[in-house]
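Presented sequentially are two complexes of chain A, the first with chain B as partner and the second with chain C.
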Partner chain A sequence: MREAVAVPWFSAGLKEWIFTTDHKKIGIMYFVTGLVFFTVAGLFGMILRFEQTSPGFQVVSPSFYNYLLTGHGAVMLLWWAIAAHIGGFGNFLLPLMIGARDVAFPRLNALSYWAFFGASVIVLLTLIPGNHIKMMWTGYPPYAAHADAGVTAYYVFAIHLLGVSSIATAVNFITTYLRMRAPGIGFWNTNLYIHSLIAANVIQLIGVPSLAGAVTMLFLDRYLGTNFFNPALGGDPLLYQNVFWFYSHPAVYVMIIPIFGFFSEILATFSRKPIFGYKSMVFAIWGIAVISFIVWIHHMFTSGVPDWARVLISYTTVLVAVPTGIKIFNWIATLHGGAIILRSPMLYTLGGIFMFLIGGLTGIPNAMVAIDLGVHDSLFVVGHFHYVLGMALTMGIFGAVIYWFPKITGRMYPENLGKISFWLVFIGANIFYFTQMVAGFLGMPRRYPDYPPIPEWVTLNQISTIGALILGVGVLVFLVGMIKGLTSGEKAPANPWNSPSLEWQIDSPAPVNNFGEKPPRVEPDYHPYKYGAPPAF
Partner chain B sequence: MAQGAVHEAHHEWSVWPFPIGIGTLLVPIAFTLFFHYQKQLAGLIVGGVALVLILIGAAGWANEHFTRESDVGFGWLGTFTFLVSEVVIFGTLFAAFWMARTTHADEWANWVPEGVSLGMAGILTLILWASSFTIFKAETVLEEEGDTGKALMWTFATFVLGALFVILHVKEWAHLWAEGFTLSSNMYGTGFYSLTGLHTSHVLVGLLAQLYVMWLLISGKMTKEKPTLMKGVSVYWHFVDVMWMLVAGTAYLVGSTAI
Partner chain C sequence: MEEVLAYPAKWWNEAVLVWLVVAVVIYAVTALPGIYFIVKYRFKPGEREIGDQEKHGHWGLEALWTIVPTIVVLVLATYSFAVFKKQRTVPEGAMTIKVTGFMWGWQVEYLDDKGNTVKTVVTAYNPTSYEVPEEQKIVVPAGKPIKVLLTSMDVIHAFYVMPAKIVEDAVPGRITYLWFQINKPGEYWVFCREFCGTGHSHMFAKLKVVPPEQFALWLKGETELAKRSNDI
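On to the complex of A and B.
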């Protein structure tokens, strides 16, 4: 509600925001809620970083550190990396890109948001002293089923409510895509963002219930005395890890595939060229979605799984590099021969692809069982996933915010602030996470609040904190830019980037009834990336 | 359950998702009060408020749907998509059960109580098979003949069969529980009650939906032109039936057979 008032969009009253079923308003509510939680979780992360700057305890107690770490992980992943862009941009863009009036079930869509809101309230409840949860976002038993881990019920139910929200959204989006495309929009001329979004939601549909099952078993074990994770009476703690990662690994593709979609949209626009290898991009997206379900055991290489499983999953994990590699080469080929315009969304996209490349390449050693045994649970892994999920994703979202800002708000995002924030975020993040990876290779474990005063570790942690500060300032500049754009940004034309994609063919901000009474006219040779003739190579 | 809906310009907003959303927030809070803080009374009160909010919201929502002119018919696809994720929810419990069953095959026989009877599983299966047939009849009668009276009769028959299933099943549980076979006895108990319990909760949702369909048929809101909800309820019920065979096959047959 607070977020609704903060967005001067359509100047709608509070009542209209609470009871809205409009996909655009719901999208904005999702994104703003996600952004608020991103800021809070970012602050948590900053406190963690200050605590780690030097050995010993400076800022927080170990127990509070565990709470902050749990909160940082859970909120960043589930609120920022999933809900903010799937609920936010997905809702806003899906009907606009396929030429529909709204999603298939508008009221279910509103319910999705309110379930997400409920999960947010539960997370806020854990802020109350005495209600802290300390089981990390993964919630492994036996610790998570132990009283010391805090209010296990809040952890379980936050995930349940997010699950309700995600499954409802997935049902909604998949039905919308299957049944509500404007005449003329087919599988082979859908925006890559929509392909990514639908692939991500298929993963959500199949994966989320698995996570819900895992935490339900946790709840039953903790409060009703069942034996799911009790080896003495036939249970198995590994069961939790299996069921948990069966969703939570595919979840990282839920997070990143739509970001790849942003990259493709923005890259084509600012290279003024059709995306290279459109069909291979579509195959890559769906390929990643399929492979995502057969790699989860790589999170458990040190958990005591059989060797055959480790070898097999090591292979399938490396297989992920094939479709992602296809995507990266296609992006590079799109740039080749293009008329590249370095506007801030493009900078964020190029930066995001760079971050993803480093994150992806450091993922390959993680997939090798022999190396993983050494670096498992070290800061190397933390650095790795902050490159991929942390920064490639955040840069993708920031780029998308700037890119679709005109369509959402009717105003332009201030270009200078976009550029400044990009360089701060990019430089800060690289200093921050690269040093973490080095510290991890030097043996520094993750998750502990304290560490012995080993000179190399101390130096690296200090450099890391400097990077974090630069990154934090960059994020602040970006947020300031959003506020400045909203209040005093230049008035945006309907199609500022001169894109052929459907969402740009209507006014800015998008009118209440999208395309009007009738579905938009789609030319027989419509393609979202038709920027002039393809150049000759 | 998802319902088909068309989104016209004058349906920009709906008050009903919000109370359901608040209700779904209060349910976990009620559970937390009840189980974590051991405040049973407060938990029950909050849970009651939640239930009322959800029911009011659902009733208003459905009323809004049936006062519209047309029925676009996405509901069937929506329900079907939703069932994909239901399969995975059951899948997690199957994984738990089968993992325990295979790794503890040697001591499993000691965990099987006297009272688990395959005969009961067979009777329950026959009941659900019959009810799948009756709901199929209800659906086709409504869609092809538009005969709401006959559709009502067949839906009622389905409801009776479903209710019989629940009653017999609860009696079976009470009997086994009294024998000392509980949720926490061992992994067979945990797996048995969680699988059959999850399944029965789905049967209950199906029964609620059928009550609602009957009310719609009686009040004349559901007609040949608006059969989407009936289709959705029917698809859901067939799913419950198919899932029962897997649940019974696992919890009863594989569970109680000593190999």
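On to the complex of A and C.
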């Protein structure tokens, strides 16, 4: 397998791809798989949107709608919001940013990908009509143990394989960061992306077993007659929700913290200025990681848990606003006194921060238990998390794709398409999700393929669909830009943005052996955000 | 005095307003400086090619935007706690009804003074329409607090009283509750808000709020009908 590593990705054959242990190739495979699933889940989302545009069933049956919605949620969250960027960019960037040859356990890394691939195959199997799963990505029992929910086993096994993949990746990344930094790279001059990536993987390592436990109990209940969640025989459905959210709430930070890392890298580069408050950024990242584990009951505010638990968790949940607020304020302060260049990665980053700001402010009503009692499980929640997880995250990834495109592919992403796609995505998403939030405040429940013709709901849903169409076109333009950049983009210099960060100090695309035989020489005063000369473009 | 349509919606509306004001203020102090900086500090070749390298942190500022948001969110959470207490404390003299969710409808039981069921309304699953026959409407008196005891026969549902802006899950094996009071007679929506399968979006009910006298008649009339059928 040594020879497979010696081939750069663009001249690698199928055999090299399958047997590779190279972190860059694995990263590319992760991202491409994630992107394909993102596209399909996005199309699912479009069908959902068309169905909801007006009352009545026009496009799909309610049962097929539930399948599409389950698929959209599970795939967007687990394939796009976790695997595509943690597996994709995490793999590609971690060794390059810390000056390492590869990750600590390259073969384990390949196992991670192939376990993820296995989960992908299982999810594709659910496309066969008899195999639909319809219990939503949350899979709450007793419904998930009911025949109406479809083939629960597919869901359980997909989660198991993803769990194997995530845990192996977490072990790998954490070890790599702890043991394989080039001399001179310490805790206080590591890229913020790496800090956030490691924090996210620590959450994964602690949390994923909890999710695996929840779905395993679900499997046993459904197929082997145990009664963990069956109240008729002494079980409790709320046990599942607790065990499920104990991971799945922190998981939203697994998804978003690395995106914060992208924001910090890109914002600093295109402001030509060190990130403001680097140390408080690091503390904020770890603060979010710690708080993330004590807030899960806010998903259960109306589930019948005792009132004292709701109030307690209401307090811990609002505290999440503090470290995330620190990050937003620091980003704004980074702009102060900068030399700001509005290239498309920067636009995506600024747009993503804007979306996160709105998403954060609309998160407060979900945390304030009094307001949540009125908006829980309404479209407001859907709009809110599409601001944070949906768009802040997707814009972060799109920005990262354009920003690291030269390092990954050796070519530049076409700037005009980057800008066009940004404005379409940004405007479309705001129309789309803002109207959803308003509809939620007016009482419209989520997960409704049909609804009574209440005039305000109908109007809002129609506006929402217009936004969705614009957003869809924007995503399409972005994908076209990727293909165009790959096939005919201009050749990229080694360091087009003139960034001092380590990954830009090697050729574009990154050579197979990264920095060569020896670790890179890191100056004693190295810092990833110390900008000197203006960028080369 | 201004007429209040429903409780706890009144307090909920106030809480939303408080949040909205705070959110708009936070938005303004965050986004406006951001936009100003983007406009002002632009890269200009030969003139402004590098940002100010010295502006990489300020402990005072960072402490400020740690401490102030902490205070703001703790105040908001405490305010929410106070509202929550009112939302969860059933007023004296409330009328209790028992609501049981099933796939996909509601069974509503009206109780007498001793807690025996005197009348039952069951909504039928209608997968295509949102019309409700008169006898399937959930009738409650106007201006009187109603305590709803919730549970479920099969999977988890949630009982959302739209005008009252309150929802609570109906969980099999558990009894949960919520209370509401609607002051204006009329017909209002009730929706299931916890995903419960194929019929989820058609698991709804019409809440018919009537003046108390009319409610008493409605309840009694049916009770006598029930007795008569027992006699036969």
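Everything below uses one rule, namely that the second predicted complex is superposed on the first by the 522 of 537 C-alpha atoms of A that agree within 3 Å, B and C clash if a C-alpha of one lies under 4 Å from a C-alpha of the other, contacts with A are read in each partner's own complex, and residues count from 1 in each chain.
FYI, contacts are C-beta pairs under 8 Å (C-beta built on N, C-alpha and C of every residue); 3 or more make two chains touch, one makes a residue touch a chain.
These figures come from a predicted structure and were not determined experimentally.
Aligning the two structures on chain A places chain B and chain C side by side, free of any clash.
In the superposition on chain A, contact of A:P142 is made with chain C only, not with chain B.
Between the C-alpha centres of chain B and chain C, as seen from that of chain A in the superposed arrangement, lies an angle of 100 degrees, given as a multiple of 10. When chain A is checked against chain B and against chain C, the one touching more of its residues turns out to be C. In the superposition on chain A, A:T33 makes contact with neither chain B nor chain C.
Legend: residue contacts after superposition of the two complexes on their common chain; A:A367 is shown touching chain C, with no touch to chain B. In the superposition on chain A, A:I18 makes contact with chain B only, while chain C stays out of contact range.
Of the two partner chains, neither chain B nor chain C is touched by A:Q436. In the superposed pair of complexes, A:M217 makes contact with chain B only, with no contact to chain C. Using the contact criterion defined above for the overlaid structures, shared-chain residue A:D236 touches chain B and also reaches chain C. Of the two partner chains, neither chain B nor chain C is touched by A:S248. In the overlay built on the shared chain, the residue A:I167 is in contact with chain B alone; chain C does not reach it.
In this overlay, which is a superposition and not a single complex, chain B and chain C have their closest Cα atoms 12 Å apart.
Note: residues 235-236 of chain A belong to the chain B contact set and to the chain C contact set alike, using the contact criterion stated above. Only residues 55, 57, 62-63, 66, 134, 136, 138, 140-143, 146, 148-149, 231-232, 235-238, 271-280, 302-304, 307, 310-311, 314-315, 318-319, 321-322, 325-326, 328-333, 335-342, 350, 353-354, 357-358, 361-362, 364-365, 367-371, 373-374, 376-378, 441, 443, 445-454, 529-534 of chain A touch chain C when the two sit together in their complex.
Here chain A touches chain B in the complex through residues 16, 18-22, 101-102, 104-108, 110-111, 113-115, 117-118, 121-122, 151-154, 156-157, 160-161, 164, 167, 170-172, 174-175, 178-179, 205-210, 212-214, 216-217, 219-220, 223-228, 233-236, 239, 242-243, 512-513, 517, going by the rule given at the top.
Per the touch definition, chain C reaches chain A in the complex via residues 8-9, 11-12, 15-16, 19, 22-23, 26-27, 30-31, 33-34, 37-38, 41-45, 48-53, 55-58, 61-62, 65-66, 69-70, 73-74, 76-77, 79-84, 87-88, 103, 127-128, 130, 154-156, 158, 160, 162, 165-169, 171-174, 176, 189, 191-202, 204. Of all the residues in chain B, the ones that touch chain A in their complex are 2-3, 5, 7, 9, 11-18, 20-22, 24-25, 28-29, 31-32, 35-36, 61, 64, 74, 77-78, 81-82, 84-86, 88-89, 91-93, 95-96, 99-100, 103-104, 107-108, 111, 183-190, 194.
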